[in-house]
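In the two assemblies presented below, chain A is common to both, partnered first by chain B and then by chain C.
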Partner chain A sequence: MSDARLRRVNKEIADCKNDKASSVTIDLIDNSPFHLKGSFTGPEGTPYEGGHFEVDIVIPESYPFQPVKMKFITKVYHPNVSSASGAICLDILKDAWSPVLTLKSTLISLQSLLCSPEPNDPQDAEVAKHYMTSKTSFEETARYWTMIYAGGPGKEGLKGSPGLRDEVAMAGLEKAHVDKFEALGFDRSKVIDVLRRLNYRGANVPKINDDRIVEELLK
Partner chain B sequence: MNGAIDSLLTLEVQDPTDFPPSSETPGLRELDDALRCSICGELYSAPVSLSCGHTFCSLCLRDNLSHKQECPTCRQAASESQIRKNIMMEDAVKAWNCARPLVLRWSKEEVSRKSRSSTPPRSSSAIFAHRSPKKKRKISHEDSDSDVVELVGSQLQKSRMNSNKPASATMQSKDLVDCPLCQKKVPMKSINQHIDAQCRSPTSSTSKGKQKSDWQKVFNGESSTSNRSKGKEKARAELEDAEPLPKVSYSVLSEKRIREMLRDHNLPTTGDKETLIFRHSRWVNLYNANLDGSPELRKSLERLRQELKKIENSRSNGTKSQIVSDVNAYQKANKTAFETLVEAARPKNTSNKTRSTSVAPNSSETEKSSSPPVVEVVEVLTVSAGE
Partner chain C sequence: MERTSEVDLETCAELQREEWEVLESIYPDCVSTGLSQDLLKLEVPIELSEPTKILPSARGSGFVNTSSSSADTDEDSAKQEETSPQILSTLPPVLIEFLLPSTYPLRDPPRIVSLHATYSWLIGSLIAHLQRLLIERWVEGEGILYTWVEYIRSGEFLDELRLKRRIGKDSTIRLPHPNFTLLIPLLSAYDASIQLMHFSQNSYNCEICLTSIKGARCILLSCSHVFCRSCLEDFWKLCIAEGDITRVGCPDPGCVKEAREAKEDEVRRVVTEEEVKRWKWLREKRILEKDPTMVHCPVPFCQTPVAMTGEYEEGSGWERLRTCPQCDYSFCAYCKHGWHGPISPCPIYVTDTFVTEYIKLENGTREKEMMERRYGKSRLQKLVKQYEEEQATKDWLSESTTSCPNCRVSVEKSMGCNHMTCSKCGQHFCYRCGDRLNAASPYKHFSTPGRSCFNKLFDQESLEWEPMLGDEFY
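Up next, the complex of A and B:
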């Protein structure tokens, strides 16, 4: 006889294995059944379409009465996911957890979080600002991240420079803007950093004058 | 953890997906799913319902309500006082437990028979047309099968008669009221005394000892000196009387008081306050959940104590608090190992030596990470974790 938590996790893994219809899978990471790796495909009709997203799953001791701990292994450009650590801001992973939720249903919830970002309750404030300022520019960047990190479509176009990532596109900025300030003699990576921090995108561009940027660059 | 992964691989899990999909055998997966608790995924054990109508295993639901006072399915506010036994569901599960292997075999045979025939019937009416003669054939040919069917019937009758008793008993007691503190049913006239006594009956003093030997004592039947009533008689009476334990608000009780409460139930009284509270609250849940099952399915108090011990062990294996609470014994046991480590660290930083002799093992581990005998630290840690 084994404890209830192990039995339940075992069931949930088997459930995912048996269900071929859903795009959600669960695998063991190491020897522990309580540290798993979930994965799902990016939802259609979003910038994440065609990507393969992996999630680190840790099952706490008092599961299923306490929520599972999940964070993205794959880097995701999304207002509710930290672009640095992969931490996820989703209510059911916190106080809205219920023991009837399963690993599968939680992963599907993550999938649907990618469909419907909630910029008013952000995990990554910079990404959320980008989303609010210019949705098209945000989607372009998210698509680029999906292509680079999640194996999304569009890789063929990059064949000329494999492995070389376009830092400007990664930050969701315009190449012309970065070039302009780089021409003033500043380091390219610093320019990207400052412009990203100031959210120098879309409708914000005319609002931020050049002196302000140079001031930031000189700091 | 190796043990855990082994048992994970060998564990036989029952699941609704054991049955063929509903396109093959309509309703079977759904039936199996409907008889399972959505918290633990097992067939209901001691099923209970909330006022919203959702049903769970008694223990699952009680454990969940200790975390959050709402229905896990619909999130409607819920409390222990809403819990009602679901006797009919228990009967259904009992019958399904008997019938499941048989139905599973039939359904598999049916599917393989269908796949063998070149034109598999698709519509559900066609499936029924094919299946009904087969069922008849099964029952008439295999004597053992028909035996099982009779057994199910007789067990059902028996359990229904048994389960009638508690229902009529509660009907008679009309002058019972809910205690506003513990939600226990109390006679109207004695409610004041009940509240004055902090929802419990008082008993005696405290003693200290090692946790393990304490559990040992519990299982050897050595009731502590303060326990006046004869253990066995009491245990039998407790099971028959079927009085649920009141819920306790631990924050207003002293550690001593909680120890006394544990002693009243013949449970170990070792550990810090957090451990005591965990032990007692889990005991209340186990005990009350056990009473929600039909009398012939109830476990003995001895069995419940063993389960509690298992829960406690699995809890302490992973937590840091266990390692910390063991510090003194742990330091004594590994004194020589620590001394060699301290010796090794000394030439590097002399100012650290007073600290490293007295601090807890986890901090000394980080200190030592730069020194050569790191391997020893790892060994020591795994040994203590395995205990």
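Up next, the complex of A and C:
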């Protein structure tokens, strides 16, 4: 059975190499065919467009009868992807897995997950809340992340110089809000952290009064 | 005149030879020569253009009615349709034995010696009709054999025999036959064998090992997905070993989403007897866990799961009866004691436990529904009502009465001090704590400092409206 696993994985890797037209690639990380790196381009017409996304792939012992383990290496701002760990919430990686699915088809499913977020079944609750509160603001942040982490289109000067990253945009907040609370004498990163956690965006802003924020900042 | 006919014969012989050669190369399986050299045979299987419903015809074994059937016969057939809907893609071959006269094809048609359908699926009158149709198709001067083979193979003749009919998208074939119920299994067996032959000769791409594999080493599942036997075996073995039987099914993503599970004969074909046994055991276990009427036999060495047998009227009391199929022990599903009849209640403590459990559950929850299915809804509600009444009495008793420590009768104090004398047995006791009091000095209980009832000859509430000062005794 282990032989069958090796044969199948090798075949899948070869298939993917031969298919030049596909936007999906699979590469070896070390010498093992059971630990791979997949990558694909961000789908057009989404905030991920133009980005290059890398996925860590681990082939379990009983593959293809058990699902392949995948998580994002590239940081992604998406309700179904953990913004901290890259963990992915997708049914086919869990109970809807079928041995007929391949690394390539699974990567393509990940690609289409980027097109169609499922905020009701989130992996990252904060990101999901952001998405539900203001889709425009969410997309702006997702686009910014794509630019910063996935080499998406944007100001070239920002790339590779983390010091210049706009932490406010990273958190999907507005500069004026952050400035306002920073002016009260709080640490800027703390202000960003609290406002992000409270989902201080769009229609939520008038609902959260300043005292509540100050209370959180003082904790 | 004589000369031309001689030329004719030579040309005829040449044409006949050519025609037979062509036929042999196109349909090597269909043509053969008979024992006597001149006798030729065509054995032509019918390959229907699409899977077609085969139904008995109400016309019986009789004459082929060329006018359309009356409404009555259609109704009859519709009835039979429900009982035996056989959908076939092939029909057994039609055999034609014939001679080619020396003047064929220029002047005479072939002479059919015998015409026969395997398993006699075409009755005599239809065979005769078919024979006429075959001869009629011959056009002077032209070879007819290829046309015959195609005419039969494609099933076109079924239209002309008025056996095939198209209703909407579906076409059906209605066969008049003296014993259709005996015929149909033969037709299905033939069809299955042809399908199997086609299946094992073809190659399939197994989507698990990503290899092209001969059908003989593949399994066709009932959902019509095909996988190689060894991949399916690895997959199902793993699932069975891990006890994950919901995954023992078609591995196709669509079927996985539908949670389509494999049928027993499919599992049997793929895994070992031992694994089939475990798979069946796991399935039974799952059913038992799902069936809320299931109760384990209380006999210590038996413990067989026993389901509710028969339909009992809810609330009749009979729904509690279970008889173990293994050891024949009849018991009550509520208290798991020996069967105590439908009327006598279970020892109260048993019903109490599940009735209180039932009351606690919110309406509409799964657990509540499970309990209703297990114990019977109306019966449960009756018990709840009983329980609530009893509870109310109990609450009232414990709130407003104290039982006599001697005879246990409940005594309600309407007014006065806490020194009570039981009207039934004469026992003196404290109404507050229920302790016995010495008949000679009953008030010592209330006047000894340190005791819990010290200074509590009267209750606090009653003190509130009493004069605040002075009086030591009421």
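Simple rule for what comes next: the second predicted complex is superposed on the first by the 210 of 219 C-alpha atoms of A that agree within 3 Å, B and C clash if a C-alpha of one lies under 4 Å from a C-alpha of the other, contacts with A are read in each partner's own complex, and residues count from 1 in each chain.
Note that a contact is a pair of C-beta atoms (placed from the backbone, for glycine too) under 8 Å apart; a residue touches a chain by one contact, two chains touch by 3 or more.
Note that the structure is predicted; figures quoted are calculated from it, not measured.
With chain A as the common reference for superposition, the partners chain B and chain C occupy clashing space. In the superposed model, A:S189 makes contact with neither chain B nor chain C.
Legend: residue contacts after superposition of the two complexes on their common chain; A:S112 is shown touching neither chain B nor chain C.
Once the two structures are superposed, chain B and chain C can be ranked by residues of chain A touched, with B on top.
In the superposed pair of complexes, A:I92 makes contact with chain C only, with no contact to chain B. Of the two partner chains, chain B is the only one touched by A:S32; chain C is not. Once chain A of one complex is fitted onto chain A of the other, the partner contacts of A:R7 extend to both chain B and chain C. Of the stretches 76-84, 274-282 or 328-336 listed for chain C, only 274-282 runs into chain B once the two complexes are overlaid on chain A.
Applying the stated touch rule to the two superposed structures, the overlap between the chain B and chain C interfaces on chain A comprises residues 4, 7-8, 11-12, 15, 62, 64-65, 98-100. On the side of chain A, the complex with chain C involves touching residues 1, 4, 7-8, 11-12, 15, 62, 64-65, 92, 96-102. Against chain B, the residues of chain A that register as touching in their complex are 2-12, 14-15, 18-19, 31-34, 61-62, 64-66, 98-100. Interface of chain C with chain A (complex): residues 207-210, 230-231, 234-235, 238-239, 251-253, 255-257.
Residues 1-2, 4-5, 7-8, 11, 13, 15, 17, 38-42, 60, 63-64, 66-68, 70, 72-73, 75, 310-311, 314-315, 318-319 of chain B are the ones that touch chain A when the two sit in their complex.
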